[in-house]
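In what comes next, chain A is part of two complexes: it sits with chain B in the first one and with chain C in the second one.
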Partner chain A sequence: MHLDPFARLQSDPWFLSGLVLASVLGLAALIGPAMVPYDPHDMSFTPLAPPSAAHWLGVNDGGMDILAELLLGLRNTVAFGMSAGGLALVLAVLIGVAAAWTGGWADALIMRLADVLLAIPAVMVLIVSAAFFRPEPLSLALLLALLTWPSTAKGIRAQALVIKNRRHILASRQMGASSGRIIVRHLVPELFPLYWVGFAAKARMAMFMEATLAFLGLFDPSRKSLGLMISFALKYYYLDIWWNWLLPPVLALSLLIMAVTFLAVSLEKRFDPRLQETL
Partner chain B sequence: MSLRVEQLRVVYGDRDHGLLALDGVDLELEPGRITALVGESGSGKTTLGKALMGLLPENARVGGHILLDGRPLLGFSETDSNAWRWSRIAMVFQNGAASLNPVQRILDQVAEPLVVHRGLATEQARKQAGRSLEEIGLSACFHARFPHELSGGQVQKALFAMAMILDPEVVILDEPTAALDSMTRSFMAGLIGGLRPRGKAVLLITHDLELADALGDPIVVLYLGQVMEVLRGGTLFDTPRHPYTLALGRSYPRVGALKDLGGIRGDAFYRRLHDHPAGNGAVHRPSAAADSAQEIGHRATRGCLFYPRCTQAVEECAQAPVALEAAVSGSLRCRRGGIVSRLQLEGVAKRYGPVQALAPTDLTLQAGEVLCLVGETGSGKSTLAMIAAGVLDPDQGRRRFEGRDMDQWLRRDYKSLARRIGVVYQNPAEAVSHRLCVADIVAEPLQIHGPLPDPAAAAKRVAELLAMVRLPSTQEFLKRYPHELNLGAVQRVCLARALALSPGLLVADEPTSALDPSLQAKVLKMILELQIENGLTLLFVTHDMGLTRKIADRIAVMHAGALVEIGPAAAVLNRPLHPYTRMLVNSAGTGAAPAPVRPIRPAGCAFAQRCPDAMETCWHHAPERIGADPHSHEVACRLSATELNFSHDVIDVHRQATNPIDAEGGPKG
Partner chain C sequence: MYSRRWSKRWSGIAGYLIGAMVLVYSSHRLPALLPGDFVTAMFASSHVTLTAEQDAQLRAWYIHRPDFGEYLLGLLRLDWGYSFAFLTPVSRLILEALPWTLLLAGSAHVLSMVLGFWAGVEAAWRRGGRVEKAAVGLMTVLEGLPEIATGVALLLLFALHAGWFPAAGAQTVYARLSLWAWLLDVLHHLALPLATLVLAYLPGNFLLTRASMVMVLGEPFVQTARAKGLPPLRVRYRHAARNALLPMVTRLGLRIAFMVTGVLVVETIHSYPGLGTLLFNAIAKRDLPLIQGIVLFSSLIVLAVNLALDWVYGRIDPRAAHAP
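Presenting the complex of A and B:
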């Protein structure tokens, strides 16, 4: 399994297109806001001005530059997806490995808890808590992670159970290695492919969730977001602004989800079919 | 008539630079018994012989008593000594020709004691001397020759005749068979054996351990002037109890033995008087671990003299002198009560679902031995080996490691047990993590049992280990991953890893199966070297009977999850008792098992289906469990058990052959 898992991916069109899309969007999210000369919160421009040399995508109803708004919204969405995906992955690894390693009643208990969480619709919980508590985006990402770790943790646990009984782990145990050492040095690195798959799935879901919540207006209205942009643009559907105001955030969101989906699919195809999990 | 030696102590040289040659030796020579005295050069064998003859050089100071029929022999003047010397105690000297007068004819020299001691006339004495020379096979044509005109064997015969001419009661033979060809050696052995029925008390001083084992009873093992062990005849090679005796026996090139020669680590040193606690000088404290082979053996100790070279020594061995104590048969000077058992398995069994992989099995591994576990695939070899290594827990039964309850040890302090056992797994590619490079794999046990002093020391140890298994330790190689190496190299990396902590027990499941013959030879030599230097005990699982021949001290044969035969390697291979072992040894045509004739009852012998000699009883009654006794050749077979005694005689053929003229023929002692 040590063979570089990315070697064969280089000839996979899914992976390549996903990678290109992700790079472009990631770069835009990362440095885009700094490249636009306007502050997205600056309301000093002519409302609903069409695209021009000064404002490439025009100005919205509040007199804000749409491009600046789009790039900041993209950054927020990506950041939310990454943090929720990352948190979920960390939880999944900790819980999955702990369950596999300890086994017995602790394992059974953790897995039943996972089943319960799988049965709870994360969207509903998120909408309700966002509406009632108005939390920070990061808290919401954590909440999402807390709700969505089970599917990844189950995959990690299953694979950890297999690897746990591999000869080289037994050999390490025989040499007197402590559980901590074996987990850190042998078990966690062995599970490496699963992390990509798990992270991609969770991040994609989180981005979609963020857009949904913003669209429904459950985030702070001053927080720039793709979902919020779509929601505002839709109010002016009768004007001829769909291509410069509505389309960009929809396209950005779709491409973002596509990029992550392509990556997740290709990674999953590449790694063991036994590692399937719901995308 | 008997000659008794009590607390004999001989020091050569003056008080300051004294050389302690003998230290408190007790010995009793009885009529009709041959006492064999063995030990390395410098152990004081010849000094003892000379002391009995009163022939020690002037600078020797003697303490203790030598009593002939209760009368002390020590402290008499030269003239007094002459009264008993040669007429009652005679000696065949070492280095034959040199102890004869080069300008006197043989006949005259043999006749001389008759003239001097008995006052016979020259002519009469010559006649009698001629007769005795002819009796021992030196015909008349040689009698008038000078010593340099005779062959080594003829000189030895002449010396023997000269010693026996006055019909002494006590005969001391110093290296009577050294430098003789095997025919002459057999002849001399016959002569010596012939002294027993004549009621002579014989002291046989020899390097020839096979001769000592065959003729001597008791056999006295001397090391640096101290008696280490006294054993019964015929047990020197088979059941030695002192580690020194074992190592000595392993160093001796026996015709019957199959295994390569071993040796004893380090060198014997001479004991300076001031090194010894009885002297008044300072005592060197040996450090816990010997650093180099040269150093071993050159350090004096307050405790056991063999301590620096002993592979099973513990700290307390060096603390205080050890007394010679009576043992089961003979006596023994060892703080640890003789060779310790490294691992004892009592009734361990393992079941995988409906399959009984291992029936309750006993097995004892002694410190410093190589036990080969042989048998077909699925016979439970690996299961037994992994239980022995502590990797697998048995369903039932008990394990003891170095005298401690192993299961308890595993639960309480896994780590300290882990560093005493090295394991090489059957499939090397699976046994290493493919995410670690060679350097990390070999260093893993060092890291686990760290802390390592510094990275350089760790790198040095890794390079050392890789060199042991004949792998390079270039940066390029150290950074390679297992999948970039061939299987043989991975196997050697596994072996290096198993040896990293210098374990006392190495459990190796086919550790050389992927190596080509030349590499395999080198790696096995290295393992045997560790056996000699570190007292490594090896449990070696293999299919390869040829390999077994070269490395095993003992062989255990497994079939269908049970031991069917166990014993010394030579005995098992040359004279297999179990029909299954015979199949394995003559491995031709054992591939397919005959179709089941009838189902075996759970109580029956598992081999009955395939056994060419199965009897009715074999289908109903299982053979008895074997394996607990590390000293005997046992077989789990109803048929062969009855042949056991017979076959032991056959194994002993070689021993008998060394003294064909031995008049007694029957068992000794």
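Presenting the complex of A and C:
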């Protein structure tokens, strides 16, 4: 683990293909919306126009450029997934390490709380909050993180307990290092690979969730998203325009989830201590 | 030994009970947290127009705050409120949609578990072979496909393009069929949404079974069974696979909560008249009592299923019942 932990990953085809896919989609989400000359909210084009040199993917029923919508929707999905995944990871690290380090009743209490949260279906809580309070996407991402940190925190806590009893930690305690110093200098950095596993899994779940909530129509209708595009395009499935309107968001969403899945699976295989033998 | 076993069982049940109470209590407090004049705000942006009387009723339902015990009793008495978009009691709408969701989700879970388990065991047995590598690759790709995508693809291909399966509904309405013809009709309507869900659940089950089976096959007791000269089929299933089943049951419990999303989306895409479609319509019409009812009801079902799985887990793994 003190060697470069990513060395072996570089020869994993799943990791590499996931990385390539994720970079392409990430780049498209980052600079794509600026590359298209149209505002995705501009409704001044001929509704349902087929693809042309001016509108590569045609125009939707509301007279908006589909390519511009697609790229902005992709950006929104990626942003939601990254923020929810990042927030959940931060919570999981703080709580998991704190529980492992303090031990005793605080640890027991935190783990019981985690059990209760694991029993509550996050989807349902999100649906109700989105339908009743119409929060900003970022607030929803925070809510999702607050509900889903336990599974990652459990893994981090288990590994932190293992590291806590290793000799170098005992030695630095013996030499009078403070708890804070040991946590910051030893515990948190040595758990580093687990963070990638946790982040990839949580980001995947959050992107999935964003697509579902958007598809169900739970975000602000003017917020562009892949799920909402699919939901609108599906209403016109009987027309011959599904291949330029319905297919692009479906493909983009599939490729995005697939990229994150490949990364999550290969990271988990590499870094999850329980899976070491099954490689 | 006995007291420990029971205390473990009860602390598990207590976790779920606390979870259920948290949900019911939040549902009970929800109206009080709503901002200002939400009735006007909600219905102004929807297609539903309320008469003055209905408007007053809805306001009264949300302004009248029963205490928690009264609310709980009301839930037990199936008094879940009144849907203003469908002009029907919420509990009746839910009970009408429930059988279809149970049929769809239940058959999808059973099918994907049996298939995934069998394929996972066989794959681990043939570890390193070409077939096994191809299967793992295919399943990893499938794992990356969201239900929205597979559902739309199957709908376009088999319902609209080929026309082999109906594109919507759970049965042919107004067709007076004999029992067998009706069953066939129901299966015909079930095929596409079921296929979508099985494609979504199968890869996870396969990959997990394979991983745990690979670990079990390395254990000494499997070697013993082989050395005794037992037939391979018996070693594989009676000795090894039984132990590989356990992680799958645990994981199923953890994942069921997230699978609810899958059913929601798939039912909506295929217009299957279950709870998911009902919720979709309720959201589209901003029907607050109905949304609240469906969400609370399905959350409680998720909890109940998880509790049942805990019990099953204790049954199939004697160690879990005796574990400290």
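We adopt the following convention: the second predicted complex is superposed on the first by the 272 of 279 C-alpha atoms of A that agree within 3 Å, B and C clash if a C-alpha of one lies under 4 Å from a C-alpha of the other, contacts with A are read in each partner's own complex, and residues count from 1 in each chain.
The rule is short, and it goes like this: contacts are C-beta pairs under 8 Å (C-beta built on N, C-alpha and C of every residue); 3 or more make two chains touch, one makes a residue touch a chain.
Owing to the predicted nature of the structure, the values given are computational and were not obtained by experimental measurement.
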Fit-or-clash call for chain B and chain C when the two complexes are aligned on chain A: fit
Touching partner for A:A177 - first (chain B), second (chain C), both, neither: first
Contacts of A:L16 with chain B and chain C, given as first, second, both or neither: neither
Comparison of chain B and chain C by chain A residues contacted: C
Touched partner set for A:A122, first chain B, second chain C, both or neither: second
Partner chain(s) touched by A:A79 [first = chain B, second = chain C, both, neither]: neither
Which of chain B and chain C A:H168 touches, first, second, both or neither: first
Partner chain(s) touched by A:L218 [first = chain B, second = chain C, both, neither]: second
Least C-alpha distance (whole Å) that remains between chain C and chain B when both complexes are overlaid: 17
Touching both chain B and chain C, residues of chain A: none
Residues of chain A that touch chain C when the two form their complex: 14, 112, 115-116, 118-125, 127-128, 131-133, 151, 205, 208-209, 211-212, 215-218, 227, 230, 234, 237-238, 242, 246, 250-251, 253-254, 257-262, 265, 275, 277-278
List of chain B residues in touch with chain A within their complex: 389-391, 414-419, 421, 423, 425, 427, 430-435, 444-445, 448-449, 481-483, 497, 501
Contact footprint of chain A on chain C as seen in their complex: 15-16, 18-19, 22-23, 26-27, 30, 33-35, 38, 140-141, 143-146, 148-149, 152-153, 155-156, 160, 207, 210-211, 214-215, 218, 254, 257-258, 260-261, 264-265, 268-269, 279-280, 283-284, 286, 288, 291-292, 295-296, 298-299, 302-303, 306
Residue ranges of chain A touching chain B (in the complex, touch as defined): 1-3, 166-168, 170-178, 181, 185-186, 189-190
